[in-house]
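You will see chain A twice below: alongside chain B first, and alongside chain C after that.
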Partner chain A sequence: MVLDLTMSMAILALLGALATIAGCLEDLESDVGSQSNPNSQVQLAPQMGFLHRIFNKAISGEPISNGMSDVTGGTVTSVLLSAKFYPLTAIVIGAFVAAILYGIYATTSYAGRVASQTRFKQPLYMDIMRYTTPSIIGHNFIVNFCLVAIAYIQYAVLGYPFSIPFLALIWGISVGAIGSSVGDVHYGGEREFQNREFGCGLNTALSGRIVRKAESGLRNSIDNVWFCAKFGGPATGIGLGLTVFFSSWRTTIWGYTWEAMGVGVIILVIMIILNRLTEISVKNAYGPYKEDKEEKEAGSVAH
Partner chain B sequence: MVLLDPTTLIDIGLIGLSGALICLAVHFIPVGGAPAAMAQATGIGTGTVELAAGSGLVGLITSSYMLHADPSASMALVMASGALGASVMLASTMLAGGFIYAYGVAVPFASAQVKKDPITGQRQDNYVSKGTQGQGIPTICFVSGVVGSGLGGAGGGLIYSVLMHYYSPLISATSAAAVAGVFTMGVFYVNSVIPSYGVGGTIEGVHDPKFRRVVPKDVFTSVVVSMLCGVVAILIAGGMTP
Partner chain C sequence: MSEIKERSPDQLMVFGIIGGLLGIYLTYLLPLAGERIGGKIEIVLNTIAPVAGALGAICAVIWGADAVRRVAKYGLGTGVPSIGQIALGMGIIAAMFGLAIIKTQPLAGPVVAVITASIIGFIIGWFAQNVIKMKIPVMIRCMTEIAAAGAIIIIGYSAAVAGNYDFVNNLIPRVFDNGVILFIFWVGAVAMLHPFNACLGPDEKQKRMLYLAGSTGASTMAIVGLAAIITIGASGAITMILGIVLWIIFYKKFWDEVYNDAASVVGTGLIPKTEA
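Our next item is the complex of A and B:
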């Protein structure tokens, strides 16, 4: 389909918005279900004698589990589209089927992981499973809906050469990679270890000693997602939103030319500079930790 | 024998080269694994395979769209498109991740592998907090990651381009794109896993001493394995009918 520039930009904005929502919700789903790298601490805690009421899912690495979920949604959507369903209905049903499948994996992996920790006396809380699983399914449904919608738009409107399931698979893997790299740091580095000293990294001696008390009562995964929704989730959304937007914006404006590639390089340079400015600001705020011996010696000689 | 045809041999060689680029890319990307997710190590808080494949596949989407929109596009332009798609993905991820380290977890960025950042010249060792192997994504890691993901994206674009030129005359364009896309994804995963053994799960980037130690062996392995993948890619074309 050939689109004019205004329409192309409108679709690009829609893709960026869908990606931002998908990125945000994917990270929050991995927080409420406790998946990926931070879950290693949830898994380790009972072995250190810290029993907890946090959901312990980790179906697999985030990219693979989300890829599985989204390719399922994309496949169901494709089947329904070929049966002449209205696209929005097909995407919603596809996303729902995938989310239910994901929920099944979440419950079996939670039960399986806790069962493997019997020797450490970690209980399997049925109320946690009842309250948390619908939240996991709900978050995953929104992620599936957004990513399958992106795949549908890219396939049907923009004319990408790949099929809907394959595009959904790729975006599922990418959203998982971004969620695992960005938002999970907020969950693993901050929320699980709010008892560490402020302004420094996590001492390895604290491994497994996760915070188990909430603002009121014992902490569970719903408390964790409430906290991570303030920063980790939106930051992940920005990560995926920027990826989707800047990977297409250049070619939408400048076409398939070397100019578009040059603009891409400029975007990368701007991002490097932004990271450097953040580094300077944060180094001034929290460091240095060790006294510089050379400076100390130089100072003592001068005196 | 179709495999001894010079054009086919060049295609297999190019797939081997692509594998080498992807393998090299993984070494450039600052991957901190699970410790980085808890601000215990420098780099991005996830695994090598997930990150390299995640960024490379975005490059595959951009390069495939470029080739689809302009079939006469030069191979260099397709590779550049893949490189920039992957680099933009990884740079966005590292930037957003950096914001979390800086303003969510509150740790200064510091490399544990070098005393001074080779790009900015800023001291690193005295910013490494007690009981950690560095934290966050300092400038050298960020630049190394951008360059590495670019190499991976270019490698993905090259494989896709080679396979599309090979499959397109044999089957319909949609089917050719599907087979070439899935095959490229497979080669990505193969070449992301091989370096994981070499780097042992974590590496800070081009400045890490591990880089020089493991790159030659890993790249050689990847070239051999990717060429085997290339032979399979050519052999499966034998059964293709329009």
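Our next item is the complex of A and C:
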């Protein structure tokens, strides 16, 4: 389908918006279950004698698990589309089936991992299971919906020569990779080790000694997602949204030409300069890595 | 660990290969048998034939999960998902090669695919062991096993969607063109890697992991059945319903094992006191 410039810009804006929502929700979903990087500390905690009430969702890394749910959503959607369903209905049902499958995997990983930590006396809390799993399913449903919708738009409107499951899989892997690299950073040191000085790095001796008490009562995974929704999630959303926008914007305006390539290079250079400036200003603000002694003092004061 | 009775690797390998290949071949042989008999039995046999492919794939998932468990026990914490992905990566190459190269002898296809997968797996395992020097004694055997299991998973689920494993007439239009193969590739890999990954820990038990492997394989079968409803009709519905039933059985068994094994299962409560 050939579109005029206004229409293609509108499609581009829609793709960017969907990607932003998907990126944000994907990171929050991984934080609900402590997936990816933060998972290793949650897994390690009982071993160090730190029993906890945090969900342990170990469905592999984020790219693979999100690839799984999105390729499922894409497959079910394309199956329903060929059965003459309305596109929106098909996408919603596809995303829902995928989210349920994802939720099932989440329950088995929490139950399985806790049951494999018997010798550390880690109990399996069924209330955590009961109210965290629906939250995981809900977050994952929105991610699937947005990404399968992007895949559908690319397939049906923009005329990409790939099938919907293929595009959905690629988007799932991308959102997982970006969520893992951008968002996890916020959950790790800032939340699991918030009783240590900010930016102190993780000493090996501190491994597994995660914060288990919340502002009131015991901390659980919903508290973590509340915290991550302030910065980590939106940052991931902007990350994926900008990736989609900048990579498609230039080809929308200039087409598949050398000008578009040149603009891409310029965008990259600007990004590199911005990254460097941010790094320098952060180093100036927080200074170099502190000594272990100060680190311990800071830890004991906050605890 | 030794006092706990475990299924031996050989037992599971035989179960995976025989069960897997039997399921795959039944998708081809049942309609042939039906043609001989004719009448209503032919229709019944034609309808249930593709279901056998998915059942065979579940056997391979269980076998593959155990092979992943054996190799990943050597401290491959984050490497578990990678092992699952490489398994199906080797499997899909071998499966396509095996099925595509032998068109005149349809009976030989799956066997050639499994042998090809084993060779690829052996080479990769040999490299990991002798070139990268990972020093994992079971590496070569396990890589060979998971590659073969991966090939059976791919062919089994594909046959369940396409009707049988005829590469040109069935697999290409019904599995490759519409992208269902990607679902089989990706979710088949997760089904194989997830059981051990989800049960990772010092008190991991084989029985619980095998039930979980059955559950992940069956849930994949249910969605494969949904896709098959469009491509081959009634057989797909049977695959889906049988997949859901099997999933419920295995999931229940898995939870029974969790209740047995976990230190305590509580509705809610405070964190028990420890030394820390």
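Note that in this section the second predicted complex is superposed on the first by the 286 of 303 C-alpha atoms of A that agree within 3 Å, B and C clash if a C-alpha of one lies under 4 Å from a C-alpha of the other, contacts with A are read in each partner's own complex, and residues count from 1 in each chain.
The rule is short, and it goes like this: contacts are C-beta pairs under 8 Å (C-beta built on N, C-alpha and C of every residue); 3 or more make two chains touch, one makes a residue touch a chain.
Note that this is a predicted model, so its numbers are computed, not measured.
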Inset, instruction - Mind working out whether A:Ile164 is in touch with chain B, chain C, both or neither, as first, second, both or neither? - result: second
Inset, instruction - Determine, under the contact definition given at the top, whether A:Ala205 touches first (chain B), second (chain C), both, or neither. - result: first
Legend entry - Which of chain B and chain C A:Pro134 touches, first, second, both or neither: neither
Inset, instruction - Specify the partner with more touching residues on chain A, choosing between chain B and chain C. - result: B
Inset, instruction - Tell me which partner A:Gly61 touches in the superposition: chain B (first), chain C (second), both or neither. - result: both
Legend entry - Contacts of A:Ser78 with chain B and chain C, given as first, second, both or neither: second
Legend entry - Touching partner for A:Lys121 - first (chain B), second (chain C), both, neither: second
Inset, instruction - Tell me which partner A:His186 touches in the superposition: chain B (first), chain C (second), both or neither. - result: first
Inset, instruction - Considering only the touch criterion stated at the top, classify A:Tyr286 as touching first (chain B), second (chain C), both, or neither. - result: first
Inset, instruction - Would you please give the residues of chain A that touch chain B in one complex and also touch chain C in the other complex? - result: 40, 61, 64, 162-163, 166
Legend entry - Residue ranges of chain A in contact with chain B within the complex: 36-38, 40-41, 61-64, 154, 158-163, 166-167, 170, 173-174, 176-178, 180-186, 188-190, 192-193, 198-207, 231-232, 235-236, 238-240, 242-243, 246-248, 250-251, 256, 258, 261, 264-265, 267-268, 271-272, 274-276, 278-279, 281-283, 285-292
Inset, instruction - Could you please specify the touching residues of chain C with respect to chain A in the complex? - result: 77-78, 80-81, 84-85, 177-180, 182-183, 186-187, 189-190, 193-195, 197-205, 208-209, 212, 215-216, 219, 223, 226-227, 229-230, 251, 254-255, 257-258, 261-272, 274-276
Legend entry - chain A contact footprint on chain B (complex, rising order): 33-40, 44-47, 49-51, 53-55, 57-58, 60-62, 64-70, 73, 77, 80-81, 84-85, 87-89, 91-110, 120, 122-123, 125-132, 134-139, 142-143, 146, 173-174, 177-178, 181-182, 185
Legend entry - Touching residues (chain side chain A, partner chain C) in the complex: 40, 43, 47-53, 58-61, 64-65, 67-68, 71-72, 74-76, 78-79, 82-83, 97, 101, 104-105, 108-109, 111-127, 162-166, 169, 209, 212, 218
